[in-house]
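Please see the structure below; I have some questions.
Think of it as A, B, C and D in the order they're written, each chain with its own count starting at 1.
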Amino acid sequence: MSILETKQLHKTFNGVPVVNGVSLSIESGKITSLIGPNGSGKSTTINLITGMIPFDGGAVVIEKGTILSRIQPNQIASYGITRTFQNVEVFEQMTALDNILLVLTERNVFSSLFEKHTQYHLDIAERVMKRLDIWEKRNDMVENLSYGQRKLLEIARVIAMGERTDGETKVLFFDEPYAGLFPEMVKLVTTILKELRDEGKAIILVEHNMDLIRELSDYVYVLDAGKHLKEGSVDNVLSDQQVIEAYLGN
Amino acid sequence: MDYIIHLFILIGIFSILGLSLNLVIGYTGLLSATHAGFYGIGAYAVAILMKNTGMNFFIALLLSIVITVLSALVIGVVLSKFKDDIYALGSFGFAIITYGLMLNLQGVTRGPLGIPGIGRPELFDISFSTNLTFLILTLVLAVLVWWMTRYITRSSYGRVLQAIRENEKTIQFFGYTTYWYKLSIFMISAGMAAIAGALFATYITFIDPSSFTLIESIFMIAMIILGGLADNRGAIIGVIIMILLPEFLRFVGFPTEVAAQMRQVIYGLMLVVMMLYRPQGIYGKFKF
Amino acid sequence: MNSIIPQIVANSIIAGSLYALVGLGFFMIYRTVKFFDLGYGALTAFGGYMMYWLLTLLSVPTYIAIIGTLLLTAMLALIMNRLVYRPLRARGSSNMVLLVASLGLFTAIQAIIAILFTSQFKTITIRSLQETVTLFGAFITHTQLLMIAVTIIVFIGLSVLLRMTRFGASIRAIGDDEEVAKIVGVNTKNIVSWVFIIAGAIAGTAGLLVGLDTGIEPTMGMQLLLKAVIAVIIGGVGRMYGVVIGAFLLAFIENIAVWHLSGEWKDVVAFSVLILFLLFKPKGITGA
Amino acid sequence: MKNIKWIIGILVVIILVVVLSNGGDKEQSAQQTEGPIKIGFIGPLTGDVASLGENALIAAQLAVDEINANGGINDRTVELIAEDGSCSGKEASSAAQKLISIDKVVGIIGGLCSSESSAFTGILNQSETPGISYCSSAATLSDAGDYFFRTYPSDAYQGVFAANYLRNEKMIDKVAVLYVNDDWGAGLKQSFIDTFKNLGGEVVLEESFEKDERDFRTQLLKAQASGANLIYYLGFDQGAVSAIKQRDELNVDLPMFGADPWDDMTIWNDVASISEGFGYTVPHTTDSQSFTSKMADVGVSEVSVCASQSYDTMNIFAQVIGQVGTNGSDIKDALYDVQYQNGISSQNISFDENGDLVGAEYVVKTIQDGQVVEL
């Protein structure tokens, strides 16, 4: 049973249909990859589902069966959805530790006003940051971290969202998490994605590196010019004639 | 010695203003020019309550905080929708509107005539009429505000404010409705400004709209930018320097009519130099 | 009663053309470097005083005085850009840092003018511009006609410059995206300096016209600047003609407010209009 | 980062040392009988009304120089220490506090704006330092304590005098009042309107304007449309010049009548030709030709309002200190029954029990074929 589905998602930017009737079905405990040449609407699709941009048509169905025609960014956490960003969005003039504690603490104004992060929060933060081995950088200002370290921080933040007590996030979107990482960081992230899948999370991955796609994906959707070209398991999708043509550009 | 006490009372009052404004500008990154307006509303509320109903200062103070927070709600509901320079511009507009209302609602505020003869605060049988006793009252309230700002900035709430300053769009993806945070901090800082207003009204015993203009807000903004944004110590240092500087200039012996204008030149140039060489101010940890 | 309407319309056109003239200069800067340059307010005051200094004190012939005023104000604008704005922008400072720096420049320049010329109110009189003429039952002086004419000329001049010339194209390119403009080979440093020179000249013209019409004093800059900012926002931040529409709309609203309410509410009304536009139509009428 | 902290630390220490040292050594000299007698001056030297403040300061300094020229007071030279009140409560109270506790002044000439004076009457009474304001006319200052006096008539007198003159002598029955939105304008407007109404006159328009307003066109039209037959304009020289010019431009055929700030040649040099028949009230002063020429010698071409009062105030202080010495309460008592003759601002100056000027007589000046003529 799918934990999240999209029905005929639609988005036009001044007349040009960037996402044109895309329907996806995401399942827990699986890594679903979205691939396609540049400008095929992969990132836009994710931005639609996570509320970054409003969609012009179609709907998103989430776990409890509620059908959504409009999603605001601050609602996706309550739907158990969280994400990383194509070009890193972190909080520069704050410490790395604060960047993680931020997502662990209370969300409404009054409770957060009277709450101070406790040892319990610190332990979670330590565990998560150690997993991404950026723990020793915890007191540095994020603006002094390298690009790779910031990418890892974003992933740590997504994992931290999963550790929250009030309802776990189950659907994790990774928008090109590997871009700009060193080889050993790539290995680290790959193992973590697999671990998250085994923990039963639903992972949606947007990535260009075909070896990683082959290694990680349980299910693949291919998008081209905003349309839903092909879907299926990794092997038969990647060997499909149409997909290769779309990539090589006719 | 009275003169030194007078200076420290002013430093106390403006520290409250600096600390509360730092919450909005330093921690949440919202350049608000309405602070002098709330400072004024607080002062007028206490003055009117004490004069017309003979209410004790401390009750009038609480009521004036409530009144100021409500007016901050009215303004904040609109302002919290804006961002960066549009927010600053909107706050410029509200500062002038608040000043206009103070000046023209003659029935309530006696307009430009101001309200003279405001009584000094009393608590049971202690009267704070001498400067020294008033200084103690000011310092007690200033320390209270210091403690409150420290508490807020160390709470999870304070961390979310900084996240709003850094990247308001992104923090929303993690379940935070930034609008309520921006509105609530705006109201909290206005409430604190009312305390400073109440102290100013009962210390000078006369208030009129000219002390609560847009220029006064700009003076407060200059103070915390000099001291350092997002750092309570910085706000205090900025206040001390900006209050002592004009007094210092009195003794430097500029020819009198030029002395007053020289202060403005120095304020202006200081802002420019700070932005060029040390935008985060002396102690600050945040650059705009 | 009906004989009043044409005069109110005339008053609004006169005030509107002044706001438009100041607004156009302000818009040129904002459109190119994307920050609210408060220092621009001091340029108008500087222009007025340069005209006063050249024409009245040094009794230089009128035309040379006018050209002198434009050159001097343009030079001041250039110096402001070179010494303060360029280094700040080169470092990638945010809008807020530039806003605060421009605020510092405004305060300092205004105070320096007050030191050099004292705060005494001064008028500049050119005999030939004193007479009035009646148009459709409304009385307008030659100065005011000149003001309207100059605004139209400046508007047309700027539109032609921006639309037709290569120089105009590169200004628009910088306005859209300075990085890309650099890559494409536009000498952004040079062009931005020229934008400040043009804006400075426009400010100088506005200053001297205000001097001829009503009179000058050091503190005249802020009033003119804030109204120009409202005109830019109401009109629409993207288009040149938006500024002119915004300026005349603001002038009409103000005059109607003065007519129906009373004079003291003029500023409150003007800024309430600003807030309403920021709230409901942040892109302004032309919705760029 | 470290050195910044050091620089700031040193800066703050220097400031405190300078401020304290000035306070310190002044301590002993106050009660001595030699050394200069210090008199404080407070007035707006920045902001919108700075021109009036500068003018009054020069007048006071002129008086001090004259006193010192003929031997000072009991052969002690007089020193005038001026501070900027910039027409705001906070500045004026800091200025007064500094003058009293650091400079140990014997008396204060000031403030100009009522908002300044109201801010430091409390300090005057507490420190028993007499203060005489040369320009604050707000009626509320009448009960501001025993140590506060005024050589400038309260608004009540001028408003009443103008209402009587316009109603009874000029037979005006409908008047439009345009007043500047500050303490002076609002106070004077109120006393004028109350008197004018119970004399049977009708106030058809009551409008105020901001201090820095220069565009009166729409308000002048409103006055014309209101059926008034005279505009009573309460504003300073900046606004007056623009208003009179715009009245002429719009052919509003209502005469205008002003108050004492109009007694200032900067206005009439510009607009006398288009102000035929206008008039204004001003406190009666003796032949001030000598005073105007003396001011011209020190570079003040146009003497503005309150300058003559500032000059007289300094001389009153000198006369009283000459009699009773430099003790605050002695001076205060002496001021209550002082009779100062041949003053510039008014013939003889004395104070009532509230410290207000006794019996201010007013005169009306009108513009007849380009000249200012006293009726």
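We adopt the following convention: a residue touches a chain if its C-beta (ideal position, glycine included) is under 8 Å from a C-beta of that chain, and two chains touch if they have at least 3 such contacts.
All of these numbers come straight from a predicted model, not from anything done at the bench.
The central chain here, found by comparing per-chain C-alpha centres with the mean of all protein C-alpha atoms, is B. A count of C-beta contacts for the chain pairs C-D and B-C puts B-C on top. At the far end from subunit C, in terms of centres built from Cα atoms, lies A.
The geometric centre of subunit A is 49 Å away from that of subunit C, both derived from CA atoms. Between subunit C and subunit D the centroid-to-centroid distance comes to 35 Å (mean Cα coordinates, whole Å). Rounded to whole angstrom, the centroid-to-centroid distance between subunit B and subunit D, based on C-alpha atoms, equals 31 Å. Of all residues in subunit B, those touching 2 or more other chains are 103-104, 257, 261, 263-264, 287, listed in ascending order. The residues of subunit C that reach two or more other chains are 111, 114, 118, 264, 267, listed in rising order. Contact between chains, using the touch rule, shows up for A-B, B-C, B-D, C-D.
On the subunit B side of its complex with subunit A, the touching residues are 152, 154-157, 159-160, 162-163, 165-167, 169-178, 180-181, 184, 230, 285-287. Contact residues of subunit C toward subunit D in the complex are 1, 4, 7-8, 11, 14-15, 111, 114, 118-121, 123, 125, 132, 139-141, 210, 214-215, 217, 219-220, 223, 255, 258-259, 262-264, 266-267.
Every residue of subunit C that touches subunit B in the complex is listed here, in rising order: 35-36, 84, 87-88, 93-101, 103-112, 114-115, 118, 226, 229, 233, 264-265, 267-268, 271-272, 274-275, 278-279, 282.
Residues 50-52, 72-74, 76-78, 82-83, 85, 89-94, 98, 101-103, 105-109, 112-117, 157, 161 of subunit A are the ones touching subunit B in the complex.
Residues 31, 78, 81-82, 84-86, 88-90, 92-94, 96-97, 100-101, 103-104, 218, 221-222, 225, 257-258, 261-265, 267-272, 274-276, 279, 287-288 of subunit B are the ones touching subunit C in the complex.
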